[in-house]
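Just passing along the structure, written as structure tokens.
Labels run A, B and C following the written order; every chain starts at residue 1.
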């Protein structure tokens, strides 16, 4: 099998898995309704209440799961390629935590009630600050360790500030919502959330997709890439704002969901011949698959408990991260 | 460490020397209540001068029916040190009051009586009766119980429209069997969605289950706050607003049914009135 | 035709002046060895030409001011082999060499027949065809170096700038590389290579440029540049200088007295 055929096969398999899980997600929920019945209610629109449930609760949840998963997988693949660092990921680098902080400020001060776009914009601003700070910390040839440590510091700071904002809120519920912002959930998100975040995610995806070839060339390092016609300032702009727009919007709606951006590109890299440009669509589909699966599992494992997505992704992702650290430790020191 | 131990030792000496004397007839004469529900029962039952202090929540009109009356008493914040200095001869607390504070007060030799929150009107009556005994005010307790029974009987005598009611609170929580609010729905003669779904106690009611249950009336169980939180986003969800249109929403002030007392009947009456109005409008 | 023309070029790294008023012209068909002790400014000179290091002065590539060129235009005129041999991901050798075609591909197109021919030719020249399908990260140091040179060759730019291309290669592959560069010059392309091995530089380069403390101290055919006096003054060494079959032989012997 030629390597192009293998690539197409991998994308095909991931697309099928994503689609299948999308439908499973649509038909999973606390209300016990059959598969056929719920899809019929969704499409035909004549089953009054069930149609309402399908169109206003299940559909936005499944669509957001798909898009947010794709965002996390894609941005993980881009960050790894851009920083040439196998440990890069929006969660570990503190980008998600900073976006959370932006979203939390917008929501709990009441800005987002008066001005709904303020929510994704504030999350985007938080994410941009985090990426720029990382870029400065990493410098031209930032080592793996420098970037990860900078990410740890950014995460800790953004987490503390988030907690502060929530604690200072006069609303007694705010303080308990730190869990949502740190671990993420898609429970009872609505179409309103989808309309608010989808344009930002799509815009981010377009920017990140434009990085496909530059990321391939960056395999040779930034100097070689620059000598090969890659405009590094443009690459930086696209990477920073593409990641910030998509991850910012995703986090504003679903909280910070970790490890998908780390694990998915890693698992898929060998399957696409390690080619960074090919890893982008594969990781987007892979991220969607994983997040949809996680969101189905939280509903099956603990129905009615609102188990957070980050709990599941961390159970898989954290040991994986440790394994990666163990494997790359020689290169890092 | 040494200082802490010294303070405890000194307090114990003071406590031993000044242990409050019981009033001659056996009823306590200096009562401190630490919970908004026991505060209100005590205010309803105590004799003049018997109740010394109530908790700060008793003065909050959002949660306390007797907020005005609470101004007549010294306010406490449920802190052990504060209660200790009041030297009460009876401390009344809720079972949700801080464990450590209650244990400490008991170690210091105070008599502490705890009241569990009521899940039924029978429970409310039992709590009133017990409070009456503790305060030596059995007769007043009997009067309150009679008032409560009369109210319940009156509600039961009028036919209620056959409507279903769902309680829906922040974070998608609802109260089912074993909760006072569910007992109020039953007392109002209405059908509780929580009973239909088999919900026991306080549980999450996923929005989609609420939508499919399609209640005739939805009671929003939480007071509003100045600043938003995600907990209240379920009230703005398009699926929720679709089934809980303005004519189906019922707002019952929290203060009427947070605590069990004769005034809890007011919550049932408001609910019955809303149901009657809804049935009328539907016709 | 003039491929590269520098005049009054200066560059600073931090506060230190690394290049001072450098003037240099390189024409088609030249294989220029850029020599000089450590810290003389050789790498900085290459990087300044590529726009990777900020500099003052005039740089012209193919007769046009480099400052007004886009990164892509520049990349079609010059290829670059950096000193660091970074290969971030385990892609196949063939794909890695193929990256050299990036400046020639319009966005969102796939390589065509010309590109494939250029890649095959570059791989053949560097003798890496045998491991075309292997992962580039799993190669030995020498193999990696050859693959990266093949990548630069595949770019088919008229001027190649190579920073210590022979480092880490065994003698046979060092000589192969020198032959490849000399062959490119014969075809009308030009190569500027920073070299530490004076023997290789003397034998294979058509012209040597000797840098010391950021200035060019000698520029010309190897015989004119590599004199005993210069080796003593600039490098602080004494060397054997001889002739063998029409070529200059230089071999460092000891530190200068």
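The rule is short, and it goes like this: a contact is a pair of C-beta atoms (placed from the backbone, for glycine too) under 8 Å apart; a residue touches a chain by one contact, two chains touch by 3 or more.
Here the structure is a predicted model, which is why all the values come from computation and not from measurement.
Q: Which chain has its C-alpha centre farthest away from the C-alpha centre of subunit C?
A: B
Q: Centre of all protein Cα atoms: which chain's centre is nearest to it?
A: Chain A is the most central one.
Q: For subunit A and subunit B, let me know how many angstrom lie between their CA-based centres, rounded off.
A: 44
Q: Using CA atom averages as chain centres, what separation in Å is found between subunit B and subunit C?
A: The separation of the two C-alpha centroids amounts to 84 Å.
Q: Which stretch or stretches of subunit C touch subunit A in the complex?
A: Residue list for subunit C touching subunit A: 47, 50-52, 70-76, 78-82, 84, 86-92, 95-96, 99-100, 102-103, 105, 107, 135, 148, 151, 155, 161.
Q: Tell me, which parts of subunit A touch subunit B in their complex?
A: Subunit A residues touching subunit B: 29-31, 49-50, 52-53, 56-58, 107-110, 112-113, 169-174, 176-177, 180, 187-188, 190-192, 303-306.
Q: Can you tell me which positions in subunit A touch subunit C when the two form their complex?
A: Residues 3, 81, 84, 210, 213, 216-221, 223-224, 226-232, 269-270, 273-276.
Q: If you look only at subunit B, which of its residues touch subunit A in the complex?
A: Where subunit B meets subunit A, its residues are 170-172, 203-204, 206-209, 211-212, 214, 225-234, 236-239, 242-243.
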